[in-house]
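Below, chain A partners chain B and then partners chain C, in two separate complexes.
Let's look at the complex of A and B:
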């Protein structure tokens, strides 16, 4: 059976771009670098996996003359479709090869036997844990994933913890020096869930949440999580194996005994931190923050480079005066994703963690730098 | 078996086990006697590695006939009279057991004549049996001849090595004693072949003659004195380091010595200038008042006990450091021809001396080829690399990165090849050292302590260097018999995404290895070195033009930029002069 179809160049290019983010980059197994394209029932399904994470996307803005499937290298097909200048492209298979025609150009790329593609698990409707709007989920990912560790020996913290109890879902990430927790409401009747999701799987969510209102169904099985994106235009199923290992007991890390509370305008603080961090370097990456009732003074000092003093006026301050040092990048990271106009800074002592809060849905714990 | 008092010759055989181990130890005892006897020339002749024959001829004072039987009797000596004398021993031998011991395990012949007698006399001890003294014709002085060592003690004979190996040990003993006593002429002949011929000279001349003429321009003088203890010596530039410590002679009051603590002090002084697997070429003469050192620790007297060993350690280390610092930090004072490489001919020709006058007189280009394997070896391991003084590279010189590992640029002298990791590591290291002077390093606290397994020695070592690692930004506490909890780490490490667990675990392992030998400065250098290594760019990292230019320009601003903190070279130079010769332009 040979595949033959014509489709919209832009829609196909977008879809391929998303799916090709899944494939493995360095692998001795060529089929793990491929995208499988199957046309049937008037839809084209694109799927890829790196062996751990899998993604299936469906497209219907196309005309299928003949059903069929091909397995072709992800980078080549994606580059070719992206570069095509005609609004439509036609694809036609010949054995394991694929012909691509678009306006004045013709391509033939050699693929593999589609039967060699690793089988993908279907979404299991019976094990749905919860449902959450795609936009909310994507925003929670944005407010947590940045704090996850990279290639840490404690594998669990290279992922993000999904913790759901009742209708409250939390995503928690830490690299051992700061911890970000994003919360949001969801629909669920199931028992509480706790699992650790690889960062790479979560980074795909933002691309898939094109319709923020579309619901995302999440099902969690023993070692695998599946997310079904109900976007009408472009329904997708993302699957990922879970990260093994115990995520550290994050609740214990979030301090509750603060006695100083400072409210800032987020943009004001963000800009002040940015300015103060200009005179820090790798060896001295820290900004000292001196909290007084009417103002907060940020100072930085890098030997051989110079010093900076930046004043920023808090909206509100309660508690005694104190001084504490932080890595400015860690504060900036949090201020970038916090989306309210105001943030609060909670402090206890110079050697105790500080907490940045933004509304009730974002909590960020960061450890100080001692100078 | 009932308890009995052992016969004299059995006692001597047992004692011999301590003093007489192999031909080299016999040579040492007998030569030391010769030196004590005031010899100005000592000839040593051996056959079969000294096992078949070992003969020492000196022109010292000699012994009268009636003293000969005493000389071979145990605990008979002319050097010590009372127990009090042991407190200030100025002679080399004093225990009075050497000759008796040798006589009990070999055939020993001693011929001796004092200047005032017309003829000499001879005594023979054949495996413990002392024969009558006979008159014999001989020159003034003493000739000690030993034949058939352990011939009748097969158990001991089995432990001897092949003659070549024993020969080289004898050679080492003679060499070391010769370095310690330059005013005495030495000669060593083995199987009729002259192995050493060292006329009386001064210290420098003797050291060069004994260690190799290549050292001529490579020696730095050490002279340090404190509280009555003086260290005099000659130390080789880092380029003269060798793979073994065989080129180190340490002498205490004229006596060659094996002392781990002094070896360590030497090694520490060269830290960062040579690779840790290599050993500098060093001759050190320690002058310590006899009452402040106990040489009567071991019969072979190669080990001693200093009353203030910390002081000796520190004088040796500071002395060498001062000598090296002077040479390194004031390049203008270095002789222009002398900073060329210390390398075998192939590499020497490749990265030759920069002094034009000296190169011109060298062999013609046609006899030399560009030796690729040697060049690669020199670049890869850098073991034979030349060391150049800090040079100013003019700004805006083009820099090229090759294989994402080396940078190639030029300076006034020629072509420079830079190992990007090695140079950046040195730059980071010096920056960190400076940074540490300015105050403690910023320390990033951790949300949850990271647990690292460690040996109990390592945990103890951490306790001893606690204040230091705190200054560096670590907060470590023992969390169990073999676990350390990491509460904070230098923020530099987190900035460079260095794995904390792995780093601390390496650190603890190093701390355990160094153990109690570690003073804070050593430990600081060790830890900063590790931090610099982890934080520096690696081989394989692509660099932008700007980064390359910055790195190269840092070379001139940083001290000791010629070598990375591990002692590997950062830069090799192919001189313009050399290039011109290679291309037949001159």
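Let's look at the complex of A and C:
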């Protein structure tokens, strides 16, 4: 049956833009560069996969004259709809081709037989592991993904660990020099879950979480994770393969025997770290932090370049004086995603890892450097 | 091609390993060009990936049915990854796309299999270390694995040593000696022998060819037990060339050398290279010329071996032996990068009285 429908240009352009992030840009399998558009039951479903990640997105702001489906190259359909200047576009299929009419423009793009599209696994309502608001999930992703390793031969740490026990979910990432753990509450009655999610899938989670209050249902199987965003009538379903391998026992890495605790205003510390890092270079990428009861002094030194001394006043300090060195970029990364006004620095000794905490939902462990 | 002809021992080895749940994760399948190494690996891949396909079907039934194809899109299974040098044409790295496809560079291996940062500073996820998309297993086939560059072979070691769960690697090669000893020691080696004459005739029938036809017979003789080569000989209409080269050999043997004698060899190599470039414009001209020489030398050696079998005189037998040595020397000269035209002219000039260094 040939597809015929009219829809809002902006909504379709946004949806196509999101779905095209999944398609394989260059592959010997042409159908993997395509988006499948299926119109039925008053809604349009856009779906794509690159073999590892799949995304299905439903749109309901449209008028369908005739149900049908087409499989068209993602780059061309996305470019065409984005450039249309009329607020509505009309889509009509003819065989494997798709006609697009918008105002004074008419396009015809050649596609493939929709039956050739790899079938995508539907979301199984009976296997929901937990439900969490989209905004909270996106925030947890932002607070963990940045710390994941990018090219580590221990492949499991190139992804982010999802660890849920009871109604508490944690996303944990590490690259061996630092570890970020974001926690949040969720609704669940299922058994504990643990899996490692690839970074590309997590980046898509942030794009799909446009409505922070909308629920996200998560289902984890042995080799795949599925996430359904929004209500059942008009959902977006993201599926992804998981990363093989065993994630390191991260809980052992988080120090619990600290005896110095410093509370900072986040913005003040962020600014001080930024200033102190100005006089560091590739060879001496470290900032020395001297903790005293009334102030913390940040010093940096780059040979043949200069030295920097920055004072920052902590809100609260408990413990003895000490000096420790850290990579300023690692501290700045954590302060960028910690959105509370106050952060807490916990320390033990100059050769022991430090911990940055932001409320009860963000823990960041970083290894010191020799200064 | 669906049914595997011959290679019963190799099939049995894979079946036993699979049945006893002791299938090694990494295999080298070696054997002459076109003998069916990649076909065997793909069929084994189907057995591993499709729970509907029985282990006993390997090599006996048509596994690549329309139904199994369309389950995951035509000719596509998300967990069957075939790495070959022509994949460079689909690389995200423009430099890799534009370059001639001489080998399998490490960047291509990173992009399609082992992940990591490539020379264009892009990061690629290690597909080998992601779980299977459909569930169950994943299969990676590296065709012409001897073309992996040294960095690629070294980078592959870790994956072969610490393989992800339910993941199987098949390295296909006609030249296993070009693989690093460290790779060889991590893989089970399966050697495929050339098919017998009877099996080749069976292949011709299966392929819908008339085994009695002169062209098919010549192609089978040229292929020396490799269906892939016989297929190539028929597709590229090589039988005419084979006749011309045979008559040239007879002339040379009778001492009828002329200044143009080497032209037929040069024309054959150029014609071969042109057809390779026509099929794949990204193919390397130099590589295609070398392939053409390899085919030419194959035609010559086939004929020499035939003469050696029928000759009655010791002196003549020695003459053919010397020619075999001369052809081996020609192979070395081609590998050393000498001018192909000069190498062929020298071969033809020395044909009457071979001088072997």
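Keep in mind that, in the parts below, the second predicted complex is superposed on the first by the 366 of 371 C-alpha atoms of A that agree within 3 Å, B and C clash if a C-alpha of one lies under 4 Å from a C-alpha of the other, contacts with A are read in each partner's own complex, and residues count from 1 in each chain.
We adopt the following convention: contacts are C-beta pairs under 8 Å (C-beta built on N, C-alpha and C of every residue); 3 or more make two chains touch, one makes a residue touch a chain.
Bear in mind that the values here come from a model prediction, so they are computed numbers and not experimental data.
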{"item": "Touched partner set for A:285, first chain B, second chain C, both or neither", "value": "first"}
{"item": "Partner chain(s) touched by A:257 [first = chain B, second = chain C, both, neither]", "value": "neither"}
{"item": "Which of chain B and chain C A:191 touches, first, second, both or neither", "value": "neither"}
{"item": "Partner chain in contact with A:368 - chain B first, chain C second, else both or neither", "value": "first"}
{"item": "Partner chain in contact with A:245 - chain B first, chain C second, else both or neither", "value": "second"}
{"item": "Contacts of A:151 with chain B and chain C, given as first, second, both or neither", "value": "both"}
{"item": "Common interface residues of chain A - those touching chain B in one complex and chain C in the other", "value": "150-151, 153"}
{"item": "Contacting residues of chain B [partner chain A, same complex]", "value": "431-432, 434-435, 438-448, 450, 473, 488, 491-492, 494-497, 499-502, 535"}
{"item": "Of chain A, residues touching chain B in the complex", "value": "150-154, 174, 176-179, 248, 253, 282-286, 303-304, 325, 327, 351, 353, 365, 367-371"}
{"item": "Residue ranges of chain A touching chain C (in the complex, touch as defined)", "value": "25-29, 31-32, 49, 51-52, 115-119, 150-151, 153, 155-156, 158, 198-200, 221-224, 241-245"}
{"item": "Chain A-touching residues of chain C, taken from the complex the two chains share", "value": "70-76, 78, 87, 89-92, 97, 115-117, 123, 125-127, 129-133, 135-136, 158, 164-165, 167"}
